[in-house]
Each structure stands twice: as structure tokens, then as C-alpha cells.
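Below are structures written as C-alpha cells.
Note that chain A is present in both complexes that follow, paired respectively with chain B and with chain C.
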Partner chain A sequence: MNLPERQVVIVGAGVAGLAAADEIARWGVAVTMLEEAPRTGGHASRYSCKALGECVACGACLADERRRRVADRENVTILAGVRISTIENKVGFNIHYEHRNSQEPPGGLKADALLLTTGFQPYDPSDKPYGYRRFPNVLTLLDAEDRLQREGVLTCPSDGRPPERIAFIQCVGSRDSRIGHPWCSKICCGAALRMARLVQYRRPETVVTFFYIDVQTFGKNFQKYYDQTRRQVRMVRAIPGDIVQSEGQRLQLAYFDPDASRATEEPFDLVILSAGIAPNTDNPSLADMLGVRLNAAGFFHPHESDEGRKRSGLFTAGAALGPMSIAESIDSAGKAAWDIMNYLKSNGLSKF
Partner chain B sequence: MTILQNPVSFESLDPGRSRAWPCDQDLCLTCANCSGACPVAGIDDFDPRKIVRMVSMGMADHVASERWPWICTMCGKCEQVCPMGIAIPDMMRRIRSLRARDQIPGILQSGLENALRTGNNLALPKEDFVFILEDVGAEIAEEQGFETFTVPIDKEGANILTTIHNKLVNTHTEDLKHWWKIFHAAGEDWTVAADNWEGTSWGYFTGDDEAMKTMAGRIVENMRRLKARTLLWPE
Partner chain C sequence: MPTQYHTLVFGNGECARSLAMGLSGRGLKVAMAVAAPVADKLEPPAGHGDTITSWAGTHLIACQGQPGDFQLTVEQDGRRMVQRAGSIVVAEQPQQIPNFAVYGLSSSGRVLSISQAEAILLDGKAASTSGGAIHILFLNDWNEHCHPVTAARMLRLCKTVQQLPNRHTVYMAGHLKVSVEGMEACCQAAKAAGTMFFKFDRQRPQVQMLPDGRVQASCWDDTTRITFTMTFDYVVVDEKITPNSTLDHLSRVLRLDRDLHGFVQSDNVQRLSNATNRRGIFAAGGARAVMSPEEQLSDAAHAALKVSEFLAGLDKGELPRVEIDTARCARCLTCYRLCPHGAIEMLPRMTVMPQACQSCGLCMAGCPNRAIQVHDDQLTSALQQMMTEEAPRPMNGPFIPRLVAFCCRRSALPARDMAVSAGHRLPDGLVVVEGLCGGRFSVTHMLSALEAGADGVLVLTCHPGNCHSECGPTNASRRVDTAAQALALADIGAERLHFGTLAANMGAEFARTVEQFAQRIASLGPVMSEQTMRRS
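Let's turn to the complex of A and B:
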């Protein structure tokens, strides 16, 4: 089969893939991106700006900016809505793909270098005792982001009214060795607190309670932001055990109140679960096609590690490696782009 | 708990001790799922999360001297919900085992000592036990359809040997009848031992492994002696 020559193929057009494509294309190398979803941007593009008058460094605009830049790059081709059927990993890569929702015939590509930026799979908390998918007013953080983006304000799905009392439950499906997810997902404490603050900024009478183990988030000025947050958000150091739905779709949360030292129940209008970052469900089949192994958690090994180096020309970046923020994904993509350019150059594949 | 009144001295903490424990309480994330699920959390401020933390900090002796470990019912709900799978009831037993035996609250230790000495928690003499069983058996035989009922005590070669909870020959004799009537209606070949019939094993609650071994050994011995094929041990 005669495949068109492409130098770099990127699998996954989320923020890491886009950031890498932008860098590589800037150096004059042709890039093709394969994306399973109908549009680019991945999960990062589901987050909206959380500025409270001034920027709070959430990173959402960085993802948008990469998407716009890539759209303007002439040497980047984006194939969205496609699914990889096979990859031959010999000297270079032969990649075959199918269109998911159209009658277009399957296609193929040849690549000198392949970058995996397949991102993550949000954990589905249906098995947790919080009534997710049964009670309309129990959402994941990403569900809440989608509603916020679609409607401009955060409302209760049951009646479209703004919630008076919101509970955030952290670490749902993370730090949980029972389900084989012992890792911290790293982004959800910051993302949930920024969401809480934005809702209160726009509607100051909203009462927010934050159920957590410990706040795992980092970044410049975080301490200042966190100190302000503690004055406005009620912080409860306990993860609730149960939610039941009472009359009028009110949610009754059962938890151990550490201040009063007793088990208690409390009503909320909206509960937002910080569902964790899980490995992309396609990772095993991709790893299989490429002849590489995944780490114990199911994420890819970094390409610069011994485990990742086995096949030359194969690179990895972003949340395909494990939980990462938008800013970290962009850094990781920049590093991968640099490594790819060096690889092409040292193998005489690029004039750069 | 007197923690706040008597602040912990850091010199007394010994995190190295956690390695000597049978369960991985040093993996605790302090999420409080256990406390949220515990049916007795809050009674006298009882908080399983705090106990797990205290043990992992090497404060087991301190916890052992408090009332908290004895509030736990050993139901295991905490372990079910713990994201780290920490065996909290096992840990409670271990803490209880650290206490001097004459400091064990309530009737647990006296019941256990009775059981070790006489074969049952009540120290009920064999003649009294047999009398009670036969009396209950006679009451059943007065009921329609159970006219031929008798209690097969110490019967060799039966299919089922059943143990007896001491309360069933004390305050709850009526509850013996349900089982027995089912056996009778099913035509089951069953028996009760006249000695060492006790089904409870309070060493479980006091953290006394040796006592549990003795009690279990006696049931095994009854199985051998009576050549029973199946053990029914409802406790």
C-alpha cells in the first residue's frame, strides 16, 4: 500500500497533542493528528476560565490558545473522528485508521516518529455510594464544567435553579487501592476549589462545603488563594460515606463530622464529585500494537525511561503518562517535541 | 479520650512499631470513610480514623488504656469501605489484647474464664444443661405434628453437630425451638454435645487468641468424639 509520507504523527488531539503539534510545526515539520472525538481539545477544553476579577492560573485559556494556534498552522493536518485499527512498528510506523461515524474509506499514514498523547479517562463513579447516574443533582466535576460552559451559570439539573448549598467530595476513585487506583489525580483539588470560588464569586450567598482528605495542589500564589478560600468555603476533613435522595431531590449526605466528633447527615442541593484520572481505556490495545508495556497503573512509561525507549521513534507526553494539569501537559509536550526534533535530526530525517 | 487535656509527648511516639502489626494501618489516608460508615462512631467521641492514626504513630499502649477500643462492635463496616483495605477490626482486637486481663470491661473476661474452666460462659453444670434441653424438647413434643420429638444429646454418627449459644439455655430458650423443629420436619439426623457445647468464643472480643484456640479445639474434639459429619456453628 502506498502511504503518504508524513514525518510526525500525533495520536490524540487534547492539550498535550496540540501543544506538541504547535511546536513541531513551528520548526517546519509536517504533522498529522489523529483524534477519536469529533473535535480537538480533549478534556482540557471542557474547563472554563475561573478568574475572579483577576487570573487564578487555572490554565484553561492555555489549552484554547494551543487549539487556535494549531488551527492556523498550515503544516498540521487534523483527522478527527478516526480510530486507529493497526500500527506496524518497524523502521518508522505504518498506521491504519477508520472513520468512526462516516462512510469514508479507511486510511493510512507513514510516520518517522509517533507521539502518543492519548490523555486520560475520567473515572466513572457509578459504583461509589453517591448515587451518580441515579440522582440528577450528583455530578462529576467535568459534568459540572460542561454545564457551566453550556449555560454560563451552574444550576441543578433537576430544576434548572441555582443551588443554595453545594458539596464537593474529593478523591472519588483516586487514592483508592480497592479499585486499583492508589494514585492522587493531582488536578481535582485545585479544579474543585476554583469551581467553588467562581460559583461563590458570581452568587455570593451560595454555601459551599468541601469534603476532603488533604488538599493536594501546587502552584504559584497558591497559599494566598487557599487562605482566601478557607474563609469562604467550609472545609470538612472527612469523605462522606453515603448519599440518599430525600423529597424534592434534596441530597442527604452522611459523614463523620470531625469537629463535633459524631456521625451526622446534612442536606445539599448539588453534589460535585471530584472523579479521578484513570488511564485511557485504549492504552492496552495501543501498547500491544506498539510492542511496549504499560506501567502498573495502566499509563504509558515516559519515552526517555528504559521502559519507554525500547522502540525508537516512539514518544509519549501529557496525561497518557499519568495525572497532569493543563500547564504540566503543555510542558511535557514541549519536552517531547524537542526530543522528537532531535530524533529526526540525529537520524537524518529532518533538515532542521 | 483525654488526648487534648494531656497533649502527646513526641518522645513517646514510636512509628517503627507499626511494622510489628499484622495489618497495614500505616497506609491510612485519614479519609474518614471508616468513621462515616461506623455504626457507633461518635459514642464518647469514638472515631476509628483516630485510632488507626494513633496506632500508626506508635500510641497503641495509650489507646489500649482508653475506653475507645471497647466501644467498637467489630462489625467490619469500616474495613468494607476503607479505600486502603485496612483491617480495622483486627487492629481493634490487637489493641484489646494489650490490656491486662483483669482490666477487661464488663462480663467479657468472667464469661470467657467460665468457658475455659467449665466449657460454657454461664458455668452451667452438665445436669442443668441436659435438663433444660430435655424440658424444651418436651414442650415441642406437646405441639401438633411434633409428638415424636426428642433431643438427641451426644448421639454418635449424626450428620449435624450443632453448637449452642449460652443465651439459648438462659434467657432465650424459645429460640432453640425454631432450629429443632426445622431439623425434625426435615428428617435431619442431628445432635448436641453434653459437654463443651458453647458456640460463642469471647476471646474474639477480648483479643485472646489462645482462648479462641482452646474453644475451637473443643468443638473439633466433639466432632471427632461423636463422629459427626457436618458442623453447624451459628455463632
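Let's turn to the complex of A and C:
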């Protein structure tokens, strides 16, 4: 079969994939992006702007900008809603894919270089004792982002009213060896606190309680932002034991109060779980097709590592390598773009 | 290119060297300059002797010219020379300052910084485990927050030491910064090996140096509600990573913005990853932020790509030309001060350097003599069209206000597009006029829109801190205030002007802002009737 030849194929059109496509396509290289979801942008584009009058450097608008730039590039083809069925590793890669929700016939591509930017899978907290999927007013941070983006304000799913009292629970599905996730997801402290601050900025009477183990640094201006945050958000160093739903959809949250040194309960209107970053569930099958191994956590090894170097022409960037913020994903994509351009050049495949 | 070097790199650390090698690998001529007088470390990287030149003991005196051809006056051994370079990268290594004082301690043979402690361990001395038990205290992330890159070094060392026989470690931290890969697992391994972790928010431990040189720490434990007092043979304290001291001088000569810590590059996501406020000048690695060694190398690669893009002319699209009419210019220097991109030079006439100019129009909007013109046809024609077109005003039926929204092309305009594609209905009488930056709209623009029959004018820019031109929103908001004062003289209320900030991804907010404004203007009625009312 004669497959259309593309120089670079990027698997996953989230922020890392888009940023890399933008960089590589500038040099006139033909790029095709394969994306499972019906649209590009990935998880990064689900985040809303968290500016409090001033930008707080969350990076969400950068993801959006990359998406617009790539859409304008003539030498980038985007195939959305497709799933890779096989990859033949020859010289380069022969990639076959199917359309997920349409009758279109399967297709194939030949690539000189393959970039994996498959991102992450948000942890599903259904197994945690927090009533996720059972109580309407228990959301993950990304669920809350979706609501915020759709409606412009954050409201309780049960009745559409703005919540008076919100609890954030951190490290849900992260830093947890019992479920085999002995890593910090890195982005959720920043994402949750920015969300908390935005809600209060728009509706100052909202009472926010933040349940945490440790607060991770985010942004260059962390100290100042965090000092302000501590004055507005009630910080409680405890991870709640469970949540039960009482009358009127109120959520009763049980935790060990570190100040009083005793177990206590408290009602909330809305609980937001900082569900962690887990490896993309497609990683094992992709790794299998490509003949590479994943790291212990289930993410890909960097392409410059011993394991990553095993397959020449294969590159990885973004959260496919592990938890990363939007800005870090863009950095990682830039590095991968540089490596890919050098690879194409050294193989006489592109001027650079 | 008629220049001696394609790129001049300031710095000589891993990041700078890797960057120089990357560029040299593409056949570009690179010079590396360092302030330090140590000549022996300045051998060009092996295999790159032909394309990489390095100068030690350099001091930058001046930088002239423009992107693609910078002329740098450099002093070396008391000699001045002018070097020409197409692009510049600032990649100076940061400095590590031990936090002894932060914990009320002073440096001694038993009170060590993390760098000292690492060196001792690598030396093998601490690893020799003969003799009795040794108790070591790690102090991290209290009084001042610690960057995770340094916290990772503390945690790794703590775990390594704890795993040696006869070593007992206690780790006291405000927060365990575990966001670096592998650190949560490292903490768990240390804990499993016997490290005691103490964390605290309000009540901080008391540490003091005993006469015999050892250190005593008393610490209130939140969970057990007990005060522990322990004596340690050694204490390891964390470090603060600060910008290289040469950045002060470099950024002044190169006219580069810095963040609040002094790193080159303002804390503005528009600069990510390696851009500075000046085209053709880049920041990499530890010169722009705190980074781990791996991140610095990765950043060197990204910066090399950005430099290559710039040198190939792939970084800049077609932009409108900006010109100063020297006949009108009074040389007040307002534009020189306003230009965020260092694109205006006195040669000795005020001149816009075309390669450096980003066409943001900030200079134009601020020039008191209207001596600057931005050849931005879109804006001009949109305004002209407004001036000539008669406002559609149905004789009967409800009053539909005519609104002009001056929108920044990087923020409010994409937000408008997002609103439209998400199905939001925008007010009927809305006319959007786009400019490359919100700071490009002058008081004259706003007033002429009203003169042309608008009932209300919005100026919508990006959020402060997110502006590609750094000060677009501040300038725009100031101009809206000035325009409001002018309106008052004509008996028109300031409510007809609205200044707002939006990010490019705020479609719903764009729709809400214009809708609320439309309602406000609808209730005010046409300008004429308001004037008549106020005057009578």
C-alpha cells in the first residue's frame, strides 16, 4: 500500500503536540497530527483564565494561542477523532489509524519521525470515599473547569446556585502508594488555588477551605501569591476521611482537625477533588507497537534516555513523560522540536 | 549576514555551552563571553574550536544596532573592541546562597549548606561509618519558601545519608516540595529507612547552636502534640537560588526587563519560553528562572531553536511599518521611554529600528506631537469607514446603541471569535476595531469613534502582566481616563467609555462584557439626547 508521506507525525494534539507542531511546521516540514478526541487542545484547553484583574500566569491562554496558530498553518494536517491501530517500525514509521465515530475508511501514513505527545489521563476518584459520581456536588477540578468554561461562573450542579462554602481536597490519586501512584501530580496545588482565588474574586463572600498535605510551588511569584492566598483561603493540613451527603445535597466532610487535634465534621455545598495526573491509558499499547518500555509509573522515558534512544526517530514531549504544567509542556515541546529538526537534518531529510 | 558572529552567548555554564554547541552544530558562528577572568575554563567545547570563540574577563559597555546586527562594545583586559552579532543569548548561571541566617544559624564545620553537604558526601568522608551514631538535621522550606529544585537535592541527600549505617536524619520542613520527578518516592524511601519528618505551619521549631558546636532543635509536632528537643551533630540547610550578579549590569546595557527576583525576562507568559522584551535577544536556563540541571539543558535546546528561527527570519510575520516624522518630532523622548521592545534609537534623530519594532503602537499613542505613524491600514480604514458611514438608526422601534469596541488582536479579538463560535449572540450595533496592542489606541481614536456616531466605546485589552508589549493595558486604561475627562467637557458622561481586560480564551466573558455595556448604553440613550438633557 502506498501511504501518503509526511515527515513528522505527532500523536496527540494537546498543548505539547500543538506547540511542537507550531515550531516544526515553521521550517516548512509537513506535519500530521493524530488526535483521539474530536477536537484539538487537550486538557490544557479546558482551563479557564484565572486572572484576578492581573494575569496569574496559569498558561491556559497559551494553549489556546498554540491551537489557533497551528490551525492557520498550511503544512499541518489535523486528523481528529482517530485512533492508531498499528505502527510498523521500519525505516521510519508506517502508521495505520481508524476513525472512532464515523464510517470513514481507515487510513495510513508514513513518517520519518514520530512525536508522542499523548498527555495524561486524569485520575478517576470513583473509588475514593468522597462520593464522586454519586453526589452531584462532588466534582474533580477538571469537571469544575468545564462548568466554569461553559457557564462563566462556578455553580453547584444540583441546583445551579453559587456555592457558599467550597472545599478543595488535594492529592486525590496522587502521592498514594496504595494505589500505585507514588508521585506528586505537580500541577494541582496551583490549579486548585488559582480556581479558589478566582471564585472568591468574583464572589468575595464565598468561603473556601483547602485540605492539603503540602503546597507545591507554582509560578515565579509563588511566595507573594501564596501569602495573599493564605489570608483568603482557609488552609487545613489534613486529608478528609470521607464525605456523606445530608439533606438538601449538603456534603458532610469528616477530617482530623490539626489545630484542635480531633476528628470533626463540617458541611460544604461543593467539594472539588484535585484528581491527579495518571499515565494515559493508551501508553502500554503504544509502547508495545513501538517496541519501547514505559517507566515504573507508566509514563514514557525521555527520548534522550537509554530506553528512549532504542527507537531512532521516536520522540516524546509533554505530560506523556510525567506530570507537567502548561508552560513546562511548551518547553518540553520546544526541546523535542529542536531534537526532531536535528534528526531530520542529520538524516538528510530536511534543511535546517 | 554581514556580522562576525551569528550569536553571542553570555555565560559559560552547562546551559550556555550546550546552547553554543547546538548552534555551532548547525554551522553558525558563536561567541561566548564571560565576566569571570578564568581563562583556562574557557576552552571552546571540544570539536567546536572553529565555530565557537570564547572571551574571558569581558565587560559589556554598550549595545547598539538592531536585531540581526547588534554592535556590542566589549571591554577585555582594559581594551575596548566592537563585536558584531546577529543575536544575543543571556545564559548566565544562577548563584546559590545558603540560608544559614534564615534559620538563625551561621556557617560552621557542623552547620552546612546543601552544596557543602553534598560535596562532603561525594568526598566519601561522611560515608565512612566508623565511630558512633551521627544525627543530622535537615532544615528546609520554612521562614522562606524553597524552590522544589533545591528541595529535591535536600531530600535526595537525606535519603542517601539515612540509608548509610549509623546515620540518623531528621527532616524539618514547612512543606515537603515533592513536585520534582521521583521526590515523593524518595521521601517514602527515606521514611522507610528511618528518617523522621516534621512539618509545621505556624509554630516553627527553635534551633540554636550549642557551645560544643552541635545544634539543638525543639519542635512542636502537630500530630502528636508533643514538643521534641533533639541535639544534632550536623545540620544541613537549604539554599536560595538567585540570579547571577552580572545580570544586573547586562540587563541594564541590553535594556532587558527582569522579573521580581532579578532573572532576565519579565514574569509574563508571553515571553515563554526564551524571549525577552527585545527581538533577537534571548534568555536561557538559569538566567531566566530557577531550573534543575536537566531543565537547563532542555532549555538550551529550546533557546537554540528560537535563535535559529530568528536568524532564519521565521519568528516575525508581516507587521505594519512604524515611522517617526522628524519634522514634527520635538525629541521629548516619550517614545523612547514608552517602547517596550527597545526599538527606538537616537541616531541622533529619533528612529524606529524596523527589525526590532513589533508595531505595538505604544509610541504612537503616547507621542504628544502626533509625530509617529503606524501604517496599520486595518485600523485606519475601520475608523474611516465609521466616520463616513451613517449610523443605521430606525426611526421607530427600540434604540439600538452603536458600540465601538477597540480590541487588542492578541486577547480581546480571539475572545470575540471564541464567543461567536461558542454561539454567543453579540449586540447588533457592535463594531469591532482591532489593533495589534490595546496600548495602540489613542485618546483621539476613542473620541473620533464617538464623533463618528458611536454611543459607547469599549477598549478591551489583555490582562496586565500578560501583555506582549508589557504595558499595553496600563497605557490603554490611562487613555480611557483621559478620554473620559475630555468627554466631561462636552457634557458626555464617562459611562459611555469602558475599559476591560480579557484573556484570549475568555469567550463567555467577552460576550457578557459587551452585552452589559450595550444595556448600559441603551438605558442612557443616544449621545445627543444626553447632551441636551445635561445642558438644559
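The working rule: the second predicted complex is superposed on the first by the 352 of 352 C-alpha atoms of A that agree within 3 Å, B and C clash if a C-alpha of one lies under 4 Å from a C-alpha of the other, contacts with A are read in each partner's own complex, and residues count from 1 in each chain.
One rule holds in what follows: a contact is a pair of C-beta atoms (placed from the backbone, for glycine too) under 8 Å apart; a residue touches a chain by one contact, two chains touch by 3 or more.
These numbers come from a predicted model, not from an experiment.
With both structures placed on the common chain, the touch criterion links A:237 to chain B and to chain C.
Applying the stated contact rule after C-alpha superposition, one finds that A:222 touches chain C and leaves chain B untouched. Using the contact criterion defined above for the overlaid structures, shared-chain residue A:53 touches chain C, although it does not reach chain B. In the superposed model, A:262 makes contact with chain B only, not with chain C. Of the two partner chains placed by the overlay, chain B and chain C both lie in contact with A:175.
Looking at the shared chain after the overlay, A:201 reaches neither chain B nor chain C. Touch counts on chain A: comparing chain C and chain B, the chain ahead is C.
Note: residues 175, 177, 213-214, 237, 258, 261 of chain A belong to the chain B contact set and to the chain C contact set alike, using the contact criterion stated above.
Those residues of chain A that touch chain C in the shared complex are 23, 26-27, 45, 48-49, 51, 53-57, 59-65, 68, 149-152, 174-175, 177, 182-184, 186, 189, 213-217, 219-224, 226, 235, 237, 258, 261, 322-323, 327, 330-332, 334-335, 337-339, 341-342, 345, 352. Against chain A, in their complex, chain C makes its touches with residues 22, 25-26, 144-145, 147-148, 175-179, 181-185, 188, 199, 201, 222-223, 225, 259-261, 263, 267-269, 272-274, 289, 295, 298-299, 301-302, 304-306, 308-309, 312, 314, 410-411, 414, 418, 462-466, 501-506, 508-509, 512. Those residues of chain B lying in contact with chain A across their complex are 27, 29-33, 35-38, 41-42, 45, 47, 49, 81-85. If you check the complex, the residues on chain A that touch chain B are 171, 175-178, 213-214, 237-242, 254-256, 258, 260-263.
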